[in-house]
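Read through the structure below, which is laid out as structure tokens, and then see the notes.
Letters A, B, C and D mark the chains as written, and numbering starts fresh at 1 in each.
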Amino acid sequence: MDLEFTASEHAFREEARAWLAAHVPARPLPSLETAEGFAAHREWERVLYDGGWSVVSWPRAYGGRDATLTEWLIFEEEYYAAQAPGRVSQNGINLLAPTLFAHGDEEQLARVLPPMASGETIWAQAWSEPEAGSDLASLRSRAERTERHGGGWLLSGQKTWSSRAAFADRAFGLFRTDREQERHRGLSYLMFPLDAEGVTVRPIGRLDGKPAFAELFLDQVFVPDADVIGEVGQGWRAAMSTAGNERGVTLRSPGRFTASADRLIHLWRSRQEPADSRDRVADAWIRARAYQLAGYAAASADPAGSASGSGSRPGGSGTSVASADSSPGAGGTASPFASSMNKVFWSELDIDLHETALDLLGPGTSEVTEGLPESAWMDGWIFALAGPVYAGTNEIQRDIVAERVLGLPRGR
Amino acid sequence: MRFLPDEDHRTYAATVRRLLADAEPAKAARAWAAGDQGPGRELWRALADTGLPALAVPEERGGMGWYPSELAAAFVEIGRAAAPGPLVETVALAAALGADPRGGDTAGPWLPRILTGDLLVTVTDPAGPYAVDGYLADAAFVTEGPALHMAVPEGGPLPSIDPTRHLVRCEPATPVESGEPVPGDAARLRSLATLLTAAQALGAGRALLDGSVEYAGRRTQFGRQIGSFQAVKHQLATVAIALEFAEPLLHGAALAVRAQPGGPGPAEGSAGGPGDATDPRDLPAAKAACSRAAHQAARTALQVHGALGYTDEYDLTLHLRKARALHDAWGTPAACHQAVLAGGRFPAVQGEAASGE
Amino acid sequence: MDLEFTASEHAFREEARAWLAAHVPARPLPSLETAEGFAAHREWERVLYDGGWSVVSWPRAYGGRDATLTEWLIFEEEYYAAQAPGRVSQNGINLLAPTLFAHGDEEQLARVLPPMASGETIWAQAWSEPEAGSDLASLRSRAERTERHGGGWLLSGQKTWSSRAAFADRAFGLFRTDREQERHRGLSYLMFPLDAEGVTVRPIGRLDGKPAFAELFLDQVFVPDADVIGEVGQGWRAAMSTAGNERGVTLRSPGRFTASADRLIHLWRSRQEPADSRDRVADAWIRARAYQLAGYAAASADPAGSASGSGSRPGGSGTSVASADSSPGAGGTASPFASSMNKVFWSELDIDLHETALDLLGPGTSEVTEGLPESAWMDGWIFALAGPVYAGTNEIQRDIVAERVLGLPRGR
Amino acid sequence: MRFLPDEDHRTYAATVRRLLADAEPAKAARAWAAGDQGPGRELWRALADTGLPALAVPEERGGMGWYPSELAAAFVEIGRAAAPGPLVETVALAAALGADPRGGDTAGPWLPRILTGDLLVTVTDPAGPYAVDGYLADAAFVTEGPALHMAVPEGGPLPSIDPTRHLVRCEPATPVESGEPVPGDAARLRSLATLLTAAQALGAGRALLDGSVEYAGRRTQFGRQIGSFQAVKHQLATVAIALEFAEPLLHGAALAVRAQPGGPGPAEGSAGGPGDATDPRDLPAAKAACSRAAHQAARTALQVHGALGYTDEYDLTLHLRKARALHDAWGTPAACHQAVLAGGRFPAVQGEAASGE
């Protein structure tokens, strides 16, 4: 057991650090939840792509550099330490791409992934519906068979809380292709353009008013067969592999939290190290470090795995949930439900860390003060607030931990 | 001892509550956030017509006396309604002007026009350091120790997590013209502002709890009302308990503010005799407890509502956002805790460390 | 609205304070969970009784002084501020006596109460059974009808977690008198001697090893009709009035917590006011004060009520749960379930307060150091740990608050 | 990087676990609490036979090297079994003696007899200030800065919340006879004691969680298993998560202790080069996180078990009581937090304020 990076891992870190130092914009980009900021962040994705850093863990054929999970962790550490911009492509890279690697065909990979890697196509997710939030299996939007245009599906219904949809190009989600089947049977995983005929996008403002998500009204939106991922009627399985990913380390990499914890300590020092905040500041660092070490352990347990497919490379086993979710505990049980533990852990850490920062900043700075140094903490806090809710509420995650990790009786 | 609101008190709170419920305060708040003061000003005039600011001003200065308990009850309702504008600051300034230690009519033209509801003013202190609605208000003030100065807002308005609060940097010691202090009781101002902010937070928390309970009974997932899940129940019960036990502190704090010496207003409160259980520590205690309960209510509301609770357009998020802003206004939790342990005295400059690096 | 005590309330406080100053033992008595300490505490009850302070809220006829609820609160404040000994009679005074006032007859009151007030008879409670803890309605111990000895009942079965039973004289509890009825129907409330034939008492050590409770094995223990409280078969209703009391202010009076919070502040000052404990110390004081003010509010709402019968004096309405449980919020709704809110509030405060003290004392003092000043904190901590568990777990109390105060749907 | 226990490591931990499971450690703990050292001494001899103390001592001093990771794994099992006695202190003292900076065989007769399992010794530091099992151990030591002294226990044994810990006041600077320091590395002693206490706490937490899960699946109330209640589930899930994320910190801390300079033992750890991610802050972080997780596990176990969890006679309460005692031993949470923010250095005297008024 060790914590020593290999020579090549070390070189990878140095390369990433140097590149980021040279390329990260000196001034923060405008918020990616605005039209202007969205465009600026799309440009940044292109810069990343040109440098070979937009999707490090993907195969080279699709724009990546075949990085291992450990290297991906290193890249993320450097990325957040450099205070590089948020990733406007993250829905595509973190949610759709792993599903494609696990369930897509060669044609789809070749067609979808490169423009995703370059920022040419930005993806929105379209999971929730008004009556199907945490209870995703109850969704009602349907895809009806059509033989027009060479065969495909007509999407109708309503999606909501579709993040990035206000400005994105395309979206992916689950639709009911077999109305006879209930719950998670008869669902299919489809991709569709947001500018297609029949799509109405109504932006929804989040707490700070910015349109971070949208409602989608779909009326007979045509999707060709080529844009069904995996088998028709098997969408739930594909979606669950994505859901596992969303909760796991790949959506919220440890580097994000170690960088924030380091900044928190810096903030605490700049405020003359108030002793009444010491416990909370130290605790944030401890938890971020724990998450980082858990990530190293997970990467060590699966040294061949890339971050892209959560262990399932193209043509891999397809058991992506199980391998993505190897236990974070270095000595621990390899539980397929560790992603639920991860999700609870990082989402609660994220809020506590930002609350501590806001309390250190004091009054007036619980206000969004754009352009002032404090604004990053307020933005981060708003972002963190969503953590315990989305990608399966923490209540559901704790149920999963209790029932599937600990083996407690199913609830009623 | 009769540590319960009396009939008049309850009647007045009910009046304010009804007035606000009928006045579409959420619409007024959204208009205020967009810079349209019309509905918010109208609401304030209606509140002033009930005698709200007059409850902070002695009769000889045109008011009705010194009634912190009744003011607190009214601000619970203002918090419950998420009514916009610098209402706390306006009422607290009226109290300060009315309690001008020099007495007489030296306070300038503001006091009468506050009492009629024609003016809304803002005020901050060095711990602020932002004044809420600095450009929208008719005048801005800043405290400095025992003194009160006029102020000119500086720099652009800053957005707040609470979109109805338009913040402006407003450093101390920027008196206009003469630089002479405004005659008023800054200590009374700060105490009343702290009390009424606590009350507003408690009201916001009550609204958040009520809205969350209502939603949890309505929303179904997995084939059942989400409010039937024990995890949801327990979070809401925890909030209910926190609010329930913050309330007596607020009442205690109002009595402590009423009993505070210094102002010329008739201190109808206790004589501070041996049988008197008012405690100056109740003021910081109430601010800390009400803010914390409201904050818990906001966190829980977000969890119960899911993404809906994270959206700008859902009315309950007006309260959710205000809860965080009020958390730090007129006494951060840390400053309140220090004050509790210092016998009720707030640290000289609240949150001094916040004023810069 | 005011916080001013009347002249007579003030005089009452002065009298209590003076008496306690003159009579509270200079050195702490040995633990009441030992034979020696039990005897010493019984003697102290006699001293209290002789001074007229053992049951201040009871009618004079039974040894009290007709104190109002406000006066009782005052007495408790003075009692705990004086660091007077724990009340070995508390099961009788706080649990049995209110039930007797509400449901007992004159003969029972006259026979049972005076020796309870003087410490001559110390009572144990006998609620739980091995299979009936939180779920009290599922209890199995039975009382069978007998016409021997002039008519009565024969108790058989097993009770457990019977506090004080290792050394007490008598016990009270619920027994199934009608085996045809299920759950809370067919139960009766009975009193029985612990030294009777057929009773076996097996002491159980609590966390510090002291026999704070016992198992009771009952084999045909005779109880005369005179020792049935209320009607046969109506024991559940009587017990619930006691349970409400157990959770309400009368078992854990605000004075206990305000005294502890003051001592905590004293401890914090004696440790040079460490800033990293400031928030926790202040928070403990704030919560204790909130509970105190809530008590004043409850007393103000029911100015005629005595603490003894939770508002139901002998011959009173019998609606003791409702009146005992008036809302603590000074402006608040008079909820009959406020006792559930009280119980959650004080039990969690009690633990947090003592944990803060232990952390202030530092290492070595997480140890029970009898005879040293720290020992009171450790003893208090052990005592506090039971708070969220007994008298209905806090989980059940939160269910009650959610369902009956907030009106959320019943759980499944 | 391979941040995972290797095969040997896991095999050794499994051996220790099996040995303890077969040895009725709860009985040994109860006997130890009653002053009967027999079964506890036997258990320790069996553990020593597996090479446990030898893992802390370099080969040239009769040991097997310097293996903090493997020692931590073994002490997780010791914590899980609630094995009694000053085992942390004995192993840490062996490490200190083995790492005697002067080298040679100056450490007196203790080291060889610790390695054979014949001796159990205790040690404390000024922050203690109590030595665990001071009268039962064969020798007592106390650290003072970088030095190590023998000590004589003073005063009567004091009961602990953990009945298997017999505490004795043991102030610093009570060297016997010559007063000469004992040759040993006190820094290494403190680091290892902190690490192994953290490991023991983690093991206690694991046992508390496992026992609570088992009980929650077995106990029925209201006609259903209590483990089917969401409130119970969520408390247990929270504990599981806390333990799960404390564990990697413990592994990181072991590597940090291994890499610590100063001892003559073969530092098989990293060379501290640019690719080395060991961090001295992991030691206080692990102590804080493991203690806290164990404490949470204890609180939850009490809540799940109800009154049963509050009784002396139920075996799981051996762990429950130990969790609180370990919370403060060899680094209070406050001291650990300070150390994390000071780059890993513990404050000079941990919890100095605790030494008296």
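We take it that contacts are C-beta pairs under 8 Å (C-beta built on N, C-alpha and C of every residue); 3 or more make two chains touch, one makes a residue touch a chain.
Composition by chain, UniProt nomenclature: A, B, C, D = Acyl-CoA dehydrogenase family protein.
Please read all numbers here as calculations on a predicted model, not as lab measurements.
The most distant chain from subunit B is D, comparing centres defined as mean Cα coordinates. For chain pairs A-B and B-C, the one joined by more C-beta pairs in contact is B-C.
Centre-to-centre separation between subunit C and subunit D, using Cα means, comes to 39 Å.
Mean C-alpha position of subunit B lies 51 Å from that of subunit D. The residues of subunit D that reach two or more other chains are 229-232, 234, 333-334, 337, listed in rising order. Residue positions of subunit C touching 2 or more other chains: 274, 276, 278-279, 395, 398, 412. Per the touch definition, subunit C reaches subunit A in the complex via residues 274-276, 278-279, 412.
Interface residues of subunit C facing subunit D in the complex, by the touch rule stated above, are 128, 131-135, 138, 160-161, 204-209, 213, 270-272, 274, 276, 358-370, 372-373, 378, 382, 385-386, 388-390, 393-395, 398. Residues 229-231, 234 of subunit D touch subunit B in their complex.
Of all residues in subunit C, those touching subunit B in their complex are 1-7, 9-10, 70, 265, 268, 273, 278-279, 281-283, 285-287, 289-291, 293-294, 296-297, 299-301, 303, 327-332, 338, 341, 344-345, 395, 397-399, 401-403, 405-412. By the touch criterion given at the top, residues 1-6, 9-10, 13, 69, 73, 76, 209, 213, 216-217, 224-225, 227-230, 232-234, 236-238, 240-241, 244-249, 251-252, 254-255, 269-270, 273-279, 281-282, 285, 288-289, 333-334, 336-338, 340-341 of subunit D touch subunit A in their complex.
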